[in-house]
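Look at the two complexes coming up: subunit A is in both, with subunit B in one and subunit C in the other.
Our next item is the complex of A and B:
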């Protein structure tokens, strides 16, 4: 699977980046390709390219707050979860998504 | 219903995320200015550098209701919500309904703007005017009138009621409430639960009640400082309770903790969540109880140890902080399991079972 993620938490300094690390580690160990954009207090980092979004099978919004740039994902399968789901159970989340997509 | 509550919370959290840098910068400006002898000035002739800093900080604090309202509204209705949201914040300031008024105003105007965006159909030539003119103006008129004539007075009552309640507490209830505010305020290390009591503290600060804010500032430092203290203790009594990776994380968490950012302890706490949270929450509670009963107040909502000199009773503040840190430290050393070299090898992370069935695309 090709996965793109936007992560953003309330204070934008910790959960955002923990979620990012966890998702990347989980996705890679399951053999998926993943790109993660973070919208922290510092601003947007690792911004997703249109190419990456176009190629993605699914987009995960790991967010506790409103994010910018959602219009880029028009027509994409998008799943929105709080950051703590990605922190606690990144693998289960990805496996669950895979199941749903294969249905 | 549950998802609606979740939505309301997400809007509030969005606003807080935009507000935090403003609060920190303004708070520190006031603290630095006050420490150098500055005060709020209205006459340019009296301008000194310290007074300039203090005044600017107070201006920043005055923006808070607008920030809250503006960004709650933004979170609900996107960009057309920002301008009317800021206006509702101004009404809240004017009514003396401060923070609570800003929040309520933000919700009202946000949903009004969203409703207009969704249901008001305009001819094609007017569509370009929608985000620029029609939504902001119409939303401001509707929500503004509601704020002035309907909800304004009850909000002022509620704010006054809360203010009177807190100022009227006797010594023993201060210990209790101090403990609760402290413990809740850092139970998830700066996460969404702790934002709620912290928000109330910020609101009370704007009403001129400084004590809860001191609890917030002091208690937020307890988890990282307590964990650091437990590391030191564990070395002294030769009981190893942290892995090498965790020790590295503590070295990062400590300086962050001094600046009142408790998030640094999350990676450490995650490995042993229940035990760690029990210890840190108790420590935070103790700090809160001591701080409240000794009457420490903080005019600054953020900044960690650097704002302690600006508090109303700096020595008592340090005592409260040390008490909580000691409690957390001793408890951790006592109840955490001993670690061996084998624990240093990264073990497959055990994931919590989660119900993901509610997730939809």
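Our next item is the complex of A and C:
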């Protein structure tokens, strides 16, 4: 799968970046391609390109707060989960999404 | 700026002898205060608990990442405490906590943006299970630095 993610947590200090790392490692170990944008206190980093979004099979919003730029995902399959789910069980999350998409 | 610039020996205690979350947070806050990162310990601790009330900071694998976003923070930094025996903490996997990364962050987002980036990088490392496994075994600050360097 091609996966794009936007991650943003309550204080924008730590969980955002842990979730990013966890999702990247899990997705790559399962053979998927993944790009993760973070919206934290230091601003937006690794902003997703329109091309990356276009090519994505699914978008994951790993968020505990409102994010900006959701209009970019219009028409995309978007799964919204709290950052904690990505920190706790990133592999299971991605596997579940994969099953869902293959239905 | 290098990741190791965020590792300050003065605010690291790898032989923390506390038996509760409250004691751990206080001990690390005192260190931050003594090293000039935090002006007012009580206000800082109050802000840490404000964040605690908003969601779990125990990320599993015996790691906790409490953070104080506080006006009492005069220098952005990260205090690290390691315990021999786990203490009770609200965590995602139900285990206790042996390693604490206490983030001291200013309310002013533009302040010390480079240091904030380093903190984000350190947080990212905590999303790597192998790094976490290694961190749980460290006994010296030098070993800790080696892990973050790699």
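Assume the second predicted complex is superposed on the first by the 103 of 103 C-alpha atoms of A that agree within 3 Å, B and C clash if a C-alpha of one lies under 4 Å from a C-alpha of the other, contacts with A are read in each partner's own complex, and residues count from 1 in each chain.
In this section, a residue touches a chain if its C-beta (ideal position, glycine included) is under 8 Å from a C-beta of that chain, and two chains touch if they have at least 3 such contacts.
This is a predicted model, so every value here is computed, not measured.
> Overlay done on subunit A, so just call it for subunit B and subunit C: clash or fit.
Aligned through their shared chain, the two binders clash on subunit A.
> Given the touch rule stated above, what does A:78 touch, subunit B (first), subunit C (second), both, or neither?
Once the two structures are laid over each other on A, A:78 reaches subunit B alone.
> Using the superposition on chain A described above, determine whether A:93 touches subunit B (first), subunit C (second), both, or neither.
Only subunit B; A:93 stays clear of subunit C.
> With both structures placed on chain A, which of the two partners, subunit B or subunit C, ends up touching more residues of subunit A?
More residues of subunit A are touched by B.
> State whether A:65 touches subunit B only (first), subunit C only (second), both chains, or neither.
first
> So, A:20: does it touch subunit B (first), subunit C (second), both, or neither?
second
> If we overlay the two complexes on their shared chain A, which of subunit B and subunit C does A:11 touch? Say first, second, both or neither.
both
> Considering only the touch criterion stated at the top, classify A:49 as touching first (subunit B), second (subunit C), both, or neither.
Touch partners of A:49: none, neither subunit B nor subunit C.
> After fitting the two complexes on their shared chain A, where does subunit B collide with subunit C, if the options are 21-29, 57-65, 111-119 or 129-137?
Only one listed stretch clashes with subunit C, namely 21-29.
> Mind sorting out which residues of subunit A both subunit B and subunit C touch, each in its own complex?
The answer is residues 10-11, 13-15, 18, 41, 64, 84, 87-88 of subunit A.
> Which of the residues in subunit A end up touching subunit B in this complex?
Answer in residue numbers: 8-15, 18, 41, 64-66, 77-79, 81-82, 84-85, 87-93, 96, 100.
> Which bits of subunit A are touching subunit C when the two form their complex?
10-11, 13-22, 25, 38, 40-42, 45, 64, 84, 87-88
> Going by the contact rule set out above, which residues of subunit B touch subunit A in the complex?
10-11, 13-14, 16-17, 20-21, 74-75, 190-192, 195, 261, 263-264, 266-267, 270, 351-354, 356, 359-361
> Can you list the residues on subunit C that touch subunit A in the complex?
51, 54-56, 59-60, 65, 67, 69, 92-93, 101, 103, 105, 109, 113, 116-117, 119-121, 123-129
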